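Working notes for the structure below.
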């Protein structure tokens, strides 16, 4: 009982730590002064301005599109590769994993510039595609790292049982293996998505004209002080996601109750 | 069966060859040449870039970076593990919600978050204002290693929590029961059974925190005040200033050091895991 | 006088409104060997888990040495368990698995090594010290699980089908080893098995469970020879159970014939179950038998042949070392002592 | 003529340079019921896993219908397996587990429901459709594992101790069900069990393994009555194995006495093993017996008492439904047919 | 392509360095579509454009970067016939060394490097770089995490040219900067503006443009150009050699140089203008601001950065050693 309270308390502390800066930036989205340093009174003008800013809208679109696509593709490639890596012999596995660590280890600017030179020498036009490829490249290693522990935990006899019952490896993968490593896959997706949303340097060097993401907009604003419109945007995004979460939570708890009733 | 599953990695191996190895080779090439390498005829090789690195100043930077990153990683682990456990032990529906709530702040831009931290930590920031109002002495919270570590912990802790959470969720409960049956109390059970079983997740978490932390540059620049350069800031600076050659050498050395120390760790691990290595 | 070390008082356990254990009352004396016996899913494992502390009873109390221990966590109970599904630690090798409990007790290294090796020899796996758990065969894993619990020399040992995966030979050996150990070290055993013979051989007391209800508690001989109801009789050994009518004391009618028996005290013309063990029936010449019948099937069982004999519309199972040809007409005889009369159970 | 459906030719399997299977040769005819029997760790599961396609033999070939299938993946083999450790899908409920194979075959929904329900009834778990796998008892899980394999009606079914977790009653029922099914649908069974009686009851052919080497292949009666060596004799049933000398055809000496027997063809004065089944020995009055002895121990086994009789420095195990008092002096008799002579095995 | 015959130009600029309504205005007025991109720092822009993956038509960037790009043949000569508004550009900013004949670039805004300080905390007279070495302000000083700007201070304090490559002078600069390091609160990237407004620090090395906007938010702040001299910078518009819509690009440059556009831009950005007509019409408070409109003497003491080509590596090394120490 006491333990439950302690863990609840700890959890709340942790969430305060995580959300304190977010709260600050949300508050500043209502600050009529343009500068982060001073409070100039309450205003909604940044929200109004947000809807009139063409660059932010297009950047938001590309940010979400690239994040979703790259996270999805990284998750697919990463998960499949992780399964392969899991089945490798020790030496091979070590080699592949070490190479896999490089994008995680390399500073973004090195990756960004190196990829840019790569694309150009491949005669790829910098733009949406190259940016997407780059995001996939740095997403996959994280997905692999997220999926591998779950694979290691898995009982191999269960996959064998599926094959035994006539499941092709692909079917066994879909119906037996994936459901079991699902937490790892979801985690991998979340990490890849998060990294993609947050990436600036690599995106900058590998994108082309007209395709910008929010991070690029924000970093480029830094010199003059980031406009509170961005805070407004962040606050809105947060609100939307939180709202969705609340909705899902309500739905699923409703479903549960419902099922229980029917069950009786 | 095993051999076949291995094939699944081949597409990624090709991908790696193209998008990871080739760029790294390029970086390596820069590290051993003068100037640009656009023209193959004028290429000339040198090891000066490496020589330059091995001077006390840069070694110190490297050590400092590894120290800060390691410290942040340890703190992430210490703070994150309980969180992962709490989430893993919570009810089915609240699990995914908690998880998303946990990573949601990271969807706000890192620069914004870091600036927000500066607003909180500054001399006239929220914390110090609070302290002053309480009649307490104010603190120097910003522009020191503490702030850098705080920033790193803040930004990387989800990457520690998530993989640990995945290994803890749906852990074989009977093993925990056996442990308690054999007389291990909750703490001993944790140390001897739960933690070792979650080790793969912990290792993933450590890698996902430590490696980007070693080479991070925005956080040390903004929260550390750019006074004590870290290897990430150094590389970023060298590259953006156009000195790709030396920058490349620094990156290569860093990769080498980190991967080598990982290999050493791996060696230790081999005995325990029966040849399975880190994995 | 014997001391009750464990006592279950009115224990009931529900899972999602389904009653799995129903008002269980059972005590275990110090140094006693108690076996729980019952069909699959009857609640044996659940009972052990309650004693071990892994489930809390929905109702009722659990006593250890006279004190209620409902809320004492498993690690504070001086009880060790051999789990039905082994539950070996995958991250530890054979040695480390067995040494687990000893290390927790902070024994000296040399002592741990000594004890582990001794117990490994006992289960016949001396050379398996450094083996990975996953590379062991089923029976080997089971033996490690036994060793891991035994090595701690607990006051009470709970064993959930500990010999299930072993072959007859090894099982017999291990039975004798376990029994010896129990006597020598003075451990109390609560044993779950699905092997009736094992239960009868090893136990001081046998408790028969069915659908969460205790059917009978008694010594092996009691249970076997004086089953309380047809379920017990049928479960504990193979039996022919025939509807009969008790005409009078020592006089029973079944299969349209009147037999002399050794039972009395029933009301007149009471409907009863007649239980006859297959090995008590003797096949004779057709005209020498009390009953006449035809051999319907013959199965070789090694020690004996198992034959089904159709006599007076009832299929008698008969065990005999002699083989009679399929379809031949035979007689069946039996002595009055072999006729067990029992009251009809309610269901 | 019968068709060989599965054939193992010179199969050897090493794990890390340790030989686990050593030059195994074995074939299985269509619709045959072959049982692998052997002590724990002798390689039974490994043999099944090779047939199922989960291990590749280090040496030798595996034939299915006359074709080598060493490299055919498991899902392309018309073989289903009941795994020793069940290996049920934890993320699926009981129904979905059983329906797994049928869904792959793209059967109609109604058909799947029909088949699953039918098989659930067979294993006695009609009402468990929506149950979570982890909430099942050990025996229930095992039955689901059997159902999951059986429902696919494969050509060949591999069963690794499929009834190990079931009580005698249910085991017998399931034995009969399995056997009936095997005959009715015409499935070929390769069966692993540690239960000698089960092996003898159900099988057409029994193969005895020890330490990766096949000791004997034959019908149950052959194996039981004509064991090729002392290991088989000892393993397949409890036996008294005594050192003896073959004096002449039909004349054997052991325990310092000369007995008549039915064996011949040994060289003169050859050292041999004499095997006598405990149930073949009859306890008589001290002076009526061929051998004189003292009762050393008496264990109640339900069907019979198991007694150790010390006679002429050898401890004879004797099974008898009559109980003799501990320490009493008795005689032992036996007929010439009950004396089995076998060559000394090399080890 | 999809907009049919409608021309399209690609513009690359710093972030937040334009009144965006001007873009729409231009598009409507000339029926030319603008694809507008931004970059965070000139070096990053250079790296990317130099690599050749881009096809911009107009780039707005700093003078030293333009010099480098001219030297490397990355820019196209402008056709000034298409930029009649060029005449309004103050002669002061024409024919500067980075583009000595004014063939490649049209100035956009300009500014200086100076000290922004809080008059509440710094009560003494501030007129010299020396104050940055004054222990009284230990940990209240913000320097820039930009090697050339921070080194420029040291050069000027020592009385040298801020483009010096003299070994001895560089050594002295390094010494000076290392001496100063313990006093520095932080080498900030872009945060000086906000930090000074929030009064987190007392003195900051800053660009006049940022200073102007800081002073607009906090009236305790003041800006000066120290007497030892300082740096002056010009941001200018140029057309890359790879441009395929040079005409429209020049049209855009001309549009941006018009008085109306300039005024609109000033209103939004508060940067010092190069426009002779516009400057007359800026609001009074801005006109009087020393950061927006420094005195001619102050400007006379300033020096422009030159592209150092390979010598930059020496600077890089010096600077990394300063911050790594």
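Per-chain residue numbering starts at 1, and chain names A, B, C, D and E are given in the order in which the chains are listed.
As a convention for this text, contacts are C-beta pairs under 8 Å (C-beta built on N, C-alpha and C of every residue); 3 or more make two chains touch, one makes a residue touch a chain.
Every value quoted in this text rests on a predicted model; they were computed, and no experiment measured them.
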(message) Taking contact as defined at the start, I'd like the list of chains shared as neighbours by chain A and chain C.
(response) B, D
(request) Using mean Cα positions as chain centres, tell me which chain lies farthest from chain C. (result) E
(message) Among all chains, whose Cα centre is located farthest from the one for chain D?
(response) E
(message) Centroid from C-alpha atoms only, then distance chain A to chain E, rounded to Å. What do you get?
(response) 36
(message) From the mean C-alpha coordinate of chain A to that of chain B, what's the distance rounded to whole Å?
(response) 16
(request) Report the inter-chain centroid distance for chain A and chain D in whole angstrom, where each centroid is the mean of the CA atoms. (result) 56
(message) Distance between chain D and chain E based on Cα centroids, please, to the nearest Å.
(response) 90
(request) Check each residue of chain E and list the ones that touch at least two other chains. (result) 44, 47, 189, 194-195, 198-200
(request) Note the residues in chain A that touch 2 or more other chains, in rising order. (result) 36, 113, 117, 160, 163, 169, 200, 219, 222
(request) Check each residue of chain B and list the ones that touch at least two other chains. (result) 1, 4, 115, 119, 197, 239-240
(message) Considering only the defined contacts, which chain B positions touch chain E in the complex?
(response) 35, 52, 57-58, 60-61, 115, 118-119, 122-125, 140, 142-143, 221-222, 224-229, 233-234, 237-243, 246
(message) Could you list, by residue number, the parts of chain D that touch chain A in their complex?
(response) 52-54, 73-75, 79-81, 83, 85, 87-91, 100-101, 104-105, 148-149, 152
(request) Using the touch definition up top, name the residues of chain E that touch chain B in the complex. (result) 41, 43-44, 46-47, 139, 145, 147, 181, 184-189, 191, 194-195, 198-201, 310, 312-313, 316-317, 319-321, 323-325
(message) List the residues on chain A that touch chain D in their complex, please.
(response) 155, 157-158, 160-169, 171-172, 175-176, 179-180
(request) Quick one: which bits of chain C touch chain D in the complex? Just the residue numbers, please. (result) 15, 37-41, 44-45, 84-85, 135-140, 142-143, 160-161, 164-172, 194-197, 200-201, 220-221, 224, 234-238, 277, 279, 299-304, 306, 319, 321
